[in-house]
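What follows is a pair of complexes built around chain A, which joins chain B in one and chain C in the other.
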Partner chain A sequence: MLGHRVTENYDVVIVGGGIVGAACAAELSGARLRILVIDAGRVGCGTTGASMGHIVVMDDSEALLNLTAFSRELWLRLAKDSASACEYLPCGTLWVAADAEEMDVVYQKAKNYEEHDIAVEVLDHKSLYQYEPNLAQGLAGGLRVVGDCVIYPPNCAALLLQGIEVRENCNVCQISDNLVSLENGSEIRAEFIVNAAGAAAPKLTAELPVEPRKGHLVITARYPGFCQHQIVELGYLKSVQKMEKESVAFNIQPRPSGQYLIGSSREFAGWDDSINRNLVNRMLTRACDYMPALKEMFAIRTWFGYRPAPMLSCPPPRLASGDAGAGESKNGGDKLPIIGNWPKVKGLYIAAGHEGLGITTSLGTARLLAAEILGQPPPIDPAPYRPSRLFRENK
Partner chain B sequence: MMKKITVKVNDKSVVVPEGVTVAAAVYMAGETAFRKSVSGQLRSPVCGMGICYECRVQIDNQPHQLACRQLCREGMEIRTL
Partner chain C sequence: MTRIVVVGAGPAGIAAACRAAESGAMVTLLDGEPYPGGGIWRHSIDYSVPRPVRNSKEAKNMREKTKISNGARKAKRWFNRLDKVGVSLRTSETVVDITGRSVQVQREQGELDSIAFDKLILATGAHELFLPFPGWTLPNVMGVGGAQALLKAGMPVNPASPRGGVKRLRVVVGGSGPLLFAVAASLAKAGAKIVCVAEQTSGMQLAKFALGILRYQPAKMVQGMGYMLQYFPAPYWPNTWVKEARGDSQVREVVLTNGKRQWIEPADLVACAYGLVPSVELAALAGCKQENGRLVVDNLQRTSIEGFFAAGEITGIGGTDLAITEGEIAGLAAAGKAKETADYTDYTEKEKKQKLKSVKSVVNKLIARRERQQKFARLLNQSFALKPHLKQLPADDTIVCRCEDVTFGELKNQADQRSAKLYTRCGMGPCQGRVCSSALQYLLDWEPNKVRPPLFPTKIGAFISNTESLKRKAKK
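Right, the complex of A and B next:
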């Protein structure tokens, strides 16, 4: 039989020690609150540990641009103080345009970024190859987003959690009014509870519209100097926004070790835990289309993670930068993370649904959430991310 | 008499019997470290059969070749670390 029930008390319990939970804990830690972070596994063992760590400003919508730009600013500050712990690489992003049509998207995006004070450089055919000579011949040009960078997510999660009480290998089985119930039968009372359980968040908060969207990565052996930027095909935007069952887009990231991470795949396959070889093949073929010399390289490992995809049934947002695959989104709603008070459970706050941008947006998320919990003025307009929008739009 | 061939290991010429692996030639040249790990540790062959990837060297300008899985060819240029 279960032993006696232990009841502990904290001011804040954060469920999930991924990058989002870690950032929230760090943000609240200045406020003299007793904080506990709980993770079913180890810190960073979830999607955070499987991801790329590209810190990128995205302009799909005004709200996404605001959150990613604000978050990038916070990352640059953090990385400045702890560059080596974060494995910070200020490599920028290079969006590659394959043809004239995609060049039009480049011009639109450049305009949009510039209007928001994000430094960019439009690259014609020639300057594209000056930056990245290993790209395939015949591409039209690109857009270089200078201030984007790369960090190593699991290290950053650990860094953010320094000095904070963390309980690992501890499974939360229920969150109710001011109460966190653990699998071992004990309970924790808390004034504030944050559900930052990533793609598993709906298991603890029913009605939370988040689903796992699986993505694979491949890492190569070391080939220092092969590419200088995080390079992404512009078609990536279409891959993200399409709600197709499976899609791939070319995405490569240089690591400080001289290795390269190659992505990306997107797939709705529930919690399926096997490598989808067919999809990995498609992903690598796509990568070799853009960088043929990859064919000669060794891949040393393949893995996958589950992006916590928000599945809102509200209409897609107006795209700030014109069409980059807008209208493709059938069921995608506004594609924004869900951040803030959850009105149906006392003391509960949500920080989930960050899909493929959660490393980037974790720091901005934490600022927004901390401001709400501590009753401080929000750093950016919190309304687009609030859980309350779900109830409004689902009516 | 076994036929001999000449290969270069880190610019040094070594004469080896035909049919030996690149790994054997590296050892015959007096080298014991084949590659460096990301953290700078020295590594050398472990499995000898293409599984562990610890024996990677550069062969004729191609990085990350498995020394245990390739036979020496006349004039081959091998580079360790």
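Right, the complex of A and C next:
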């Protein structure tokens, strides 16, 4: 094999078989293009396989609301056709307000959602406990977002990739003008290349401002009926201004198996691959503050994943909440994913930086990207997510 | 004083704890089970009664009646030694995590405690390899250890028949290894009718094994013959294995095969195990180096992590005597009593022998003994190596992961354990793959999955109170 280089040709090469890469491939597959998806490991083995699969509309900013709401619509459509493959659970989201101050946020949020035709229900103290009797006493109320749901991400990634050529256990070591170089020495030419390598995307596209932001999850044994919604605290708001290196927020998700996923933690620790026991304990303590009965339940496993966090120095952050929210970043930023043409490399498109919302926003991302590649009208305004916004300062 | 924590109170852990304490270390011996003794000695001493009663004549007589005397005598010696040296024995305390220089233990009631150590000895033993076959999920099909445990817990093997008289339970024992003898013997002794013992390895291998025993451990031969006599006249069939269990509300019959033909035997109970696999999960969690599913240790039982030792079946399956010797060496070494002994890892066989002769320390004697016992261990592992046929045991619709109801058909096309977990949930249930993972490592040649804390299901509240108590400790 010495000196012998294989060169293959495809129309589109997508680097990364996570939920984002898979969604992009599925979206482009209708267009009679020769598509290849490459993953260093197996489909969904990255952050996608470590995540919660909460499909949630977020209103941190207008742009985030547009992308998440549009994406949720696409998820509901997908889930309607393949509910069991997706392990679809239409549980809604319940944002919990601890006190009067947080109730004010509930009213603001409700108004914001309703203006965008997102169905919500404001819950007072009493109705909160009617929905979720296992919440701690003394909470003020909450906001129920009816259409939010839960899916099982790795299986969804596999589902999206059905019928598409996928090369697994294949490491890409470089992306240059219309060329993807593999670790085994061979090369692939492609008119379009999509970097959807998640938190590892900057390893292939220098200057891409994405960094890993580690998050832990704990799964419990089976306790069917303990809670009905994905429940997230609003209390995060208070600590948001603090630029903490580590933070936790209460977030619980019912699984169809009767188990519960408990989150969430955020931490800038690079690619550190050990369990941060202290942070996990803090996270569980937070969860038990909100649901004391959790104390009696058994945790059977802990793991973590790396959120692909955008590190932008753009407009100041607005308030964020819960896990699925992008949370505060030490770098501030607009906390939006990076979707679209990368002007510095020929044929390169980016679909990365989805932080803690990539499962939700993958489908919307794919629509935006496909529209750009195929020269079709964009489904929503693509400007807020464009890579070109990152270069503003240089001009 | 050196603080030594020993995890696992089987023969290896007990020997390690004794040696370490006798050398002046402060020793804590932990076991997740309510009684010490590990797989083999746990029931030799009735710990549920206070010590004076335990040592009473009646208690002794009762024990004598139910125990295999040779092993029990040895057990008693070690238990007495343990009583004498003042080891802090903590049972019903399971180690669920190791962080830095402390172990996190979970008590029966669910609370966590952390115990700091200077040296750690891992002696977590082994568990059975259970290979799934069609029908294995029927009631009354179980592991050999399960059958033994039920028996010791008082399972009736000759229940009264409705038509008067007693109906002896018909038992098929299957799988591989000398354990089958032992369990068949104790079942027969308790009154069950042994239909047959189906041993997968060939008659030729068994003959070699018998010769080897005569050479290395003649006493074991006597023990084996004793077992055989106990369940006589049931047949012992080499080159035979259980292909399928059939029944309705419970197992009624089994299909046996020798690879060429198959036949049916009646059975009310099936006890099956294909040998033992080292329980390395805790060591893996701590990051100790492993090879082929065993913990890697050096001449003094040191693992790849400074200050961490390992002894017993966790370093490879080799039987009780080897486990004891390894435990003794680990205990002495951890307590700093093996300093005078050079580390002979880099020496040739000949040089090693010379050194061993010249330095007549206890440790060296033990090391020489360990070498002899390891020969027997190698013979054991060769003689009962599993046939490739057994990889075909499960059918496509045979459930492999019982917690999540995942079938072999769903698993066989997955690339590895991690993919299986991601796409089928195999091994994600409460047992965390403790049963199916070993089976899949054998059936599909998969690497084990990464071990994540907690090692065993742990009460969430315990994490928290533990953090709080840690904080309090830190403040003091």
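By our rule, the second predicted complex is superposed on the first by the 367 of 395 C-alpha atoms of A that agree within 3 Å, B and C clash if a C-alpha of one lies under 4 Å from a C-alpha of the other, contacts with A are read in each partner's own complex, and residues count from 1 in each chain.
Rule of thumb we're sticking to: a residue touches a chain if its C-beta (ideal position, glycine included) is under 8 Å from a C-beta of that chain, and two chains touch if they have at least 3 such contacts.
Everything numeric in this text was worked out from a predicted model, so none of it was measured.
Engineer: Could you look at A:82 and tell me whether it touches chain B, chain C, both or neither (first, second, both, neither)?
Structural biologist: Touch partners of A:82: none, neither chain B nor chain C.
Engineer: I'd like to know which partner A:300 touches here: chain B for first, chain C for second, both or neither.
Structural biologist: Both chain B and chain C are touched by A:300.
Engineer: For A:168, select first, second, both or neither according to whether it touches chain B, chain C, the two together, or no partner.
Structural biologist: Only chain C; A:168 stays clear of chain B.
Engineer: Please indicate which partner A:221 is in contact with in the superposed arrangement: first for chain B, second for chain C, both, or neither.
Structural biologist: Both partners, chain B and chain C.
Engineer: With both complexes overlaid on chain A, does A:181 touch chain B (first), chain C (second), both or neither?
Structural biologist: Neither partner.
Engineer: Between chain B and chain C, pick out the one touching the greater number of residues of chain A.
Structural biologist: Looking at chain B versus chain C, the one contacting more residues of chain A is C.
Engineer: So, does A:341 touch the first partner chain B, the second partner chain C, both, or neither?
Structural biologist: Touch status of A:341: no partner.
Engineer: Quick check on the output: what are the common chain A residues between the chain B footprint and the chain C footprint?
Structural biologist: Residues 221-222, 257, 296-298, 300 of chain A touch both chain B and chain C.
Engineer: Enumerate the contact residues on chain B facing chain A in the complex.
Structural biologist: 38, 53, 56, 62-64
Engineer: Taking the touch rule as given, give the residues of chain C at its contact with chain A in the complex, in rising order.
Structural biologist: Checking each residue of chain C against chain A gives 97, 99, 404, 415-416, 418-419, 422-423, 425, 428-430, 432, 452-454, 457-461, 463-464, 466-467.
Engineer: Okay, in this complex, where on chain A does chain C touch?
Structural biologist: 42, 44-45, 49, 154-155, 158, 168-169, 218-222, 257, 262, 275, 277-278, 280-282, 284-285, 287-288, 294-303
Engineer: How about chain A: which of its residues touch chain B in the complex?
Structural biologist: By the definition above, chain A touches chain B via 221-223, 257, 259, 296-298, 300.
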